[in-house]
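Labels for the chains are A, B, C and D, by order of writing; each one numbers its residues from 1.
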């Protein structure tokens, strides 16, 4: 069972998620800059969520790259991840339209947290399917980013009860942390290919 | 005639169907939890339909996996299936917005029933195209899930005239029944590949 | 330059076109069958346009199948076709919402006619790019369907000034004419492959 | 790391961007030509933006064609390009709904300018990743189109403060300039393949 369709379907869903968020930037009726400036919070929340979905697409790309076979469990773990990501546009829009009100920052953290856990589940299911010599397991190594994200989302959720800007800063920090391209998997895969090559042609 | 485009197009349509349903979760104007909780029935109907579309994508993936050539009949049988699935977001939304009113549960059962029949038609068309040694035919075997789904949808439709919650339970039961990944086809394909291999290298 | 991306992009656009039409089936606010029945003209126009877009996807699939290389001209001729098809949802919705009023049937014929011409242009550009031994040229043969469609669309447009139902019948007739799967190209390609095979292994 | 998913994801996003713009052509409530004609500015701005997105898809297709490996930098440079293109539907709609008011032409130029710069960044990142013998670098040669576009967008933005039609003319001129299929890369790639072939089989 090959992974081409899993990737294609995920690409489709992620492409739609990332694009429908822009539909929430509703066109103001008047051709004035004042009317346009009122969209600032919606625009900023769009930028943040665009980066988040971009990160997920990017990491998904890297993770799946190390997979050669998929099974039913992987398919469902992947759908589970897409489910939580599909709620990001809703949370983004609610947050933007209400100018980052506290309750909206609490709610924004939930799909992020759940998607983070769903990503971790998917990763675990893949590693198990690969057995002992899992390329992915080696590749992620200590995975400090993956491990630190859920606690940070929880921190963001907790902070949102006290101060919306602190909460938002945490969410923005996690995004920036991931924005630095995840070269771990790339490097590891390159390394194991070279190692193999070396063994075969010493 | 290869199947790559059939898969790509179906993936695209299913990805859009699964994602536009979330557009019905209209953002409440106020940043309060009361306003958010009012969306509960729409959210629950979204979850149910997300699972249904996920099941169809999953099964479609497995079914097409056993196909090596497509013809005009298969293309149209596939479009027919996509047509009924395209009505799922509408029925989902009507059901959610009207808090699972009886008539909406009746209507929700119709695209499910028709998609179930369309899936069966597609399966039959593929089996015929594969001739006597159809891999798919062997793979589905007794196909108790495929055979029991349409009668269960009809049961759900009939029950919706008397009690909405009984009807909803039937629809949820069918979803759960399918959620258990369909390992039949996977196993059968693996088996027939090994069998072949064994014959050639005894 | 391979054709994979041309197909993927066209599949994406066609999948979106076919799916956004269903968004026009706006959910009635009341859970009554009366409210639902009011959507009948919108539903019927959706069915007709779903079939039309399905036909284009199907034929596009067959046509591109015979292509091995694409160039800039083919890319733009293809975008031109997609442009006219992208107007089908608009024309469909206007027709459905206005219960097949005469003017809406006139307008519905325009993207159909233009897409028909655009398809013919794309076909011509492909045939030219294939040179003298064009597989596609042989495959389409007399192409009575392709040649008769534009005059029939014009007939539908002209009739729409006098009687909306006659006009609609013409559009429905063209759809039915195409619905019969186009086995010409399929057969021709099979034939030429066998012919080659025969020559090489007489 | 192969480029298939990068292309698939970009195709998905571009297909959605090009198609959601047509959703802004809101169906008039009355079946009259007067009501339809009121949509003319929205339709014209749709045509212009359809051509722009088509150009980006086309050039993206050509540019990626010369790429054999992608890395994290390329993925993010590509997402950056898609971000600015995702704002084109918004700017298009605002411009169309306000009948090409001056301020809307100023704003329309911004995503065009930023997408032009993002395209140039992506191109630069790819050329660097290819090293000294970059096929893409040879292919684009003097790249007068790529170099002249950003200054022309800036000209369009500046002109929009004085006269909306002059500004629109500049944007339309850039679109026409690109519409002429970019045969440079195509030719160069063909040439370098032939050259290689010639060296190996003199």
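Throughout what follows, a contact is a pair of C-beta atoms (placed from the backbone, for glycine too) under 8 Å apart; a residue touches a chain by one contact, two chains touch by 3 or more.
Everything quoted here is computed from the prediction, not taken from an experiment.
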| item | value |
| --- | --- |
| Most remote chain, CA-based centroid, reference being chain D | B |
| Interface numbering overlap (same over half, different under half) for chain C and chain D | different |
| CA centroid of chain B to CA centroid of chain D, Å | 37 |
| Centroid spacing, where centroids are CA-atom means, of chain A and chain D in whole angstrom | 26 |
| Touching two or more other chains - residue numbers and ranges from chain A | 8, 12, 15-16, 20 |
| Footprint of chain B on chain A - complex, ascending | 1, 4-6, 8-9, 12-13, 15-17, 20, 24, 71-73, 75-76, 79, 82-83, 86-87, 89-90, 93-94, 97-98, 101-104, 107 |
| Chain D-touching residues of chain A, taken from the complex the two chains share | 7-8, 11-12, 14-16, 18-20, 22-23, 25, 27-33, 36, 47, 50, 54, 57-58, 61-62, 64-65, 179, 181-183, 186, 189 |
